[in-house]
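Think of it as A, B and C in the order they're written, each chain with its own count starting at 1.
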């Protein structure tokens, strides 16, 4: 990890430096844990109390907090973004020279650029193409005809089905599976007959795919993950789904087949989205919400059912079965009362 | 991929050919994307608009659509099933000769049939038996005493626990785990003590198990997946669960311990099924539904809570806590109004 | 598997033996399946009917059931716990001698204790430390600087990210991932910029982590799994989460970032817990429940929405959107009726 001067960090982050340009930091820490030589940041009111006593050498913060900062400061409108850039620079991993571990099994027809690293126990299929600077971590499996862009990293234990395309600078976590068959079956008098899944998965640039996430190949056409999409762990992307640019989806979410999600959308954890619908750009779905119809307007959509003490739940949720009846009885009462009042007058 | 004549495809699919028996196709495409030499199909009203202009050489469709078909047609009651069969024939993979990759580690007591393929970096345990035509893709782990039926394929990166049985023609996707221990623990004054999980997983013929799906072994008796069951990605099947024949379950569903699901059932995505209950045959569960009790009658069951705009949700869902109170107040009003009216008369 | 005398089993389980101390059993079975030479147990009223006819040689049960036991009995207040101990003893696996399979790739700087087993096709990184008696099953990947405690077992196909610590006697199932990056991103005018995830995962002693479960490393500080925690399959633990001692979580649950869960908690399957909240000790969450706020009092909390026949659901759930309106109309009615009655008097 390199030591970086505050002047350099101001340049990297685009923040305005208040303090000692030559002072150097080598690592980061939370405000209340930082010591001399460390960088910290203030991104949430929750942590503001720790600012005056911090021992950090420099804090990234907004201008409104500058007065309470006991050390050098990097002032910016978006401290979290500046922190992301500073930490990325401080924790830059040493560039590895290209190498293929002798235990990796690489098909002789694969085209591997010179600077690619392929770690131990990987299996790389026929006609695979891997561009410069890619890192294929240990025990990955890459089936035939896969194309991997420059600088993409498969952390370890990733499995890519045949004919999948990954763009540049993607980051794929362990146990993720890209390009397994979609769940497509025809019914033959009760028995299921497999429908061959012939499409690909096309993943854009700068895409992140989390641990144990599965992205299925298209049935005929392709499943498409656009540039800048971020997928957390244990997400299910069905066949023919299309995810728009810079959409981010939290863990445990599932999106059923042929659904199109717009750009700049977010989904919190454990969302379920029905198949064959469309979500506009800038749609935000709350956690544990079921999206059963297309959403045409940007905005926040929710169906989370918040927990309550169990005894309270027993009483209230039993009434869910009576809701329609209650609504009808309410209407009857309204009519009757109106009639009563009319009689009186 | 073989070229097939329409006469041959009529034979394979059981459909009635209207058009040129000698015409050949070599691949499939959607109606609006197909070109000469391709087969297409019409299975949904959604795509009917594309039929008159399709450039496909042949379309699989129902008799009612025949008049609008500009090319040869294969007419059948179930076009999706016929398409499944046609596509399977057109995209048949070349049969591989049996082979064990030198990097695979196969215990010397394993019994591997001559036509089995075992790909790179696999680990096969003691006394494992693998029948003719099975394909064990790269980086799979098969623990001791596993039995695998003829023609079964582990795509890659599959892990099978000891003593598991898989039937014939199964298809298991990457990162799937069959035969990990069930979640069985006794409580000892607050601390959990592991209960050994001694049962097996018995998987029938023609079963499909999706990526990142986990099927736990039984506690004492076995977990049973019957013939023809299809499991999508990231499904959790707990210890001692029994799934009936030809039941299909979509991604993200979890079934708790000792529950018995009937035959010909379907579950849409992200369903949760409680433990120690029974579902009859032909039960269909909608997506994101909680099944908390046994279901004795065939039919569709649902508790999906559909998303609404967040502001609307805030207002309405806060009332869930008041539902029982509302029901009581409604009853009081009904009584009071009835009393008022009685007085009047 | 050893034969054990009932006297020995009484000693192991702490139960009181009624019957033949010298009688030996070698395996376990359910009450209605057991034969001579087998041990069985009665832990649930559901199975009481099978006790009088059981052919088991010995049954673990509570004192109230002793009169109906046709064979020897081990009497205890907690038969399930006693069964866990007895079965553990009966099915003890033979201790393996330390060994590193020649196909495993172990960095030369790793410190592997003499009694450790490392199975085929594993990849072990630089400076990894593995303590006595640990078993690293086939095809595991352990990144650099990981520390693994004595007696811990990675079943197979487990991936550990760099710098992770596992305590003693942990049990980790296939396709589990510990130490992938947390889902931390700053937003730069719509685009997501990765925030380096610099913390570790610290796992205590006697922790069980299920198949396809993913535990993310902390952003700056660590993700912490305390002693005795049990995690089922396909669970998602986000960055900086802290799980208290002896908490047990069933499959499919997700816990969002920085949330602290107390000790002795339980969560049933498919629970979702929001980020940045705290759950007290002894909190129990029902299946398919959304925890959106901190819970300060021990107890059971629930928001499960139970399934109903689909037609009933259509009628009732459409009313959810009207709930606030219904509540307001109810209030109006109450006022009007009160006014009517006042007029009358």
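Definition applied: a contact is a pair of C-beta atoms (placed from the backbone, for glycine too) under 8 Å apart; a residue touches a chain by one contact, two chains touch by 3 or more.
Keep in mind the model is a prediction, meaning the values are calculated, not measured.
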item: Connected chain clusters in the absence of chain A; value: one piece
item: Interface residue overlap between copies chain A and chain C, same or different (over half shared); value: different
item: Chain B on chain C, rotation in degrees - Cα superposition, rounded to nearest 5; value: 120
item: Whole-Å gap between the CA centroids of chain A and chain C; value: 25
item: Where chain B touches two or more other chains at once, by residue number; value: 103, 121, 139, 157, 175, 212, 234, 252, 270, 304-306, 308, 317, 320, 322-323, 326, 330, 333, 337, 340
item: Sites on chain B touched by chain A in the complex; value: 28-30, 33, 46, 78, 80-81, 83-85, 87-88, 91, 101, 103, 119-121, 137-139, 155-157, 171, 173-175, 208, 210-212, 228, 230, 232-234, 246, 248, 250-252, 264, 268-270, 287-288, 304-310, 313-314, 317, 320-324, 326-327, 330, 333-334, 337, 340-341, 344
item: Residues of chain C that touch chain A when the two form their complex; value: 103, 105, 121-123, 139, 141, 143, 157, 159, 161, 175-177, 180-181, 183, 185-188, 190-196, 198, 212-214, 216, 220-221, 234, 236, 238, 252, 254, 256, 270, 272, 274, 285-286, 289-293, 295, 299-306, 308, 312, 315-320, 322-323, 326, 329-330, 333, 336-337, 340, 343
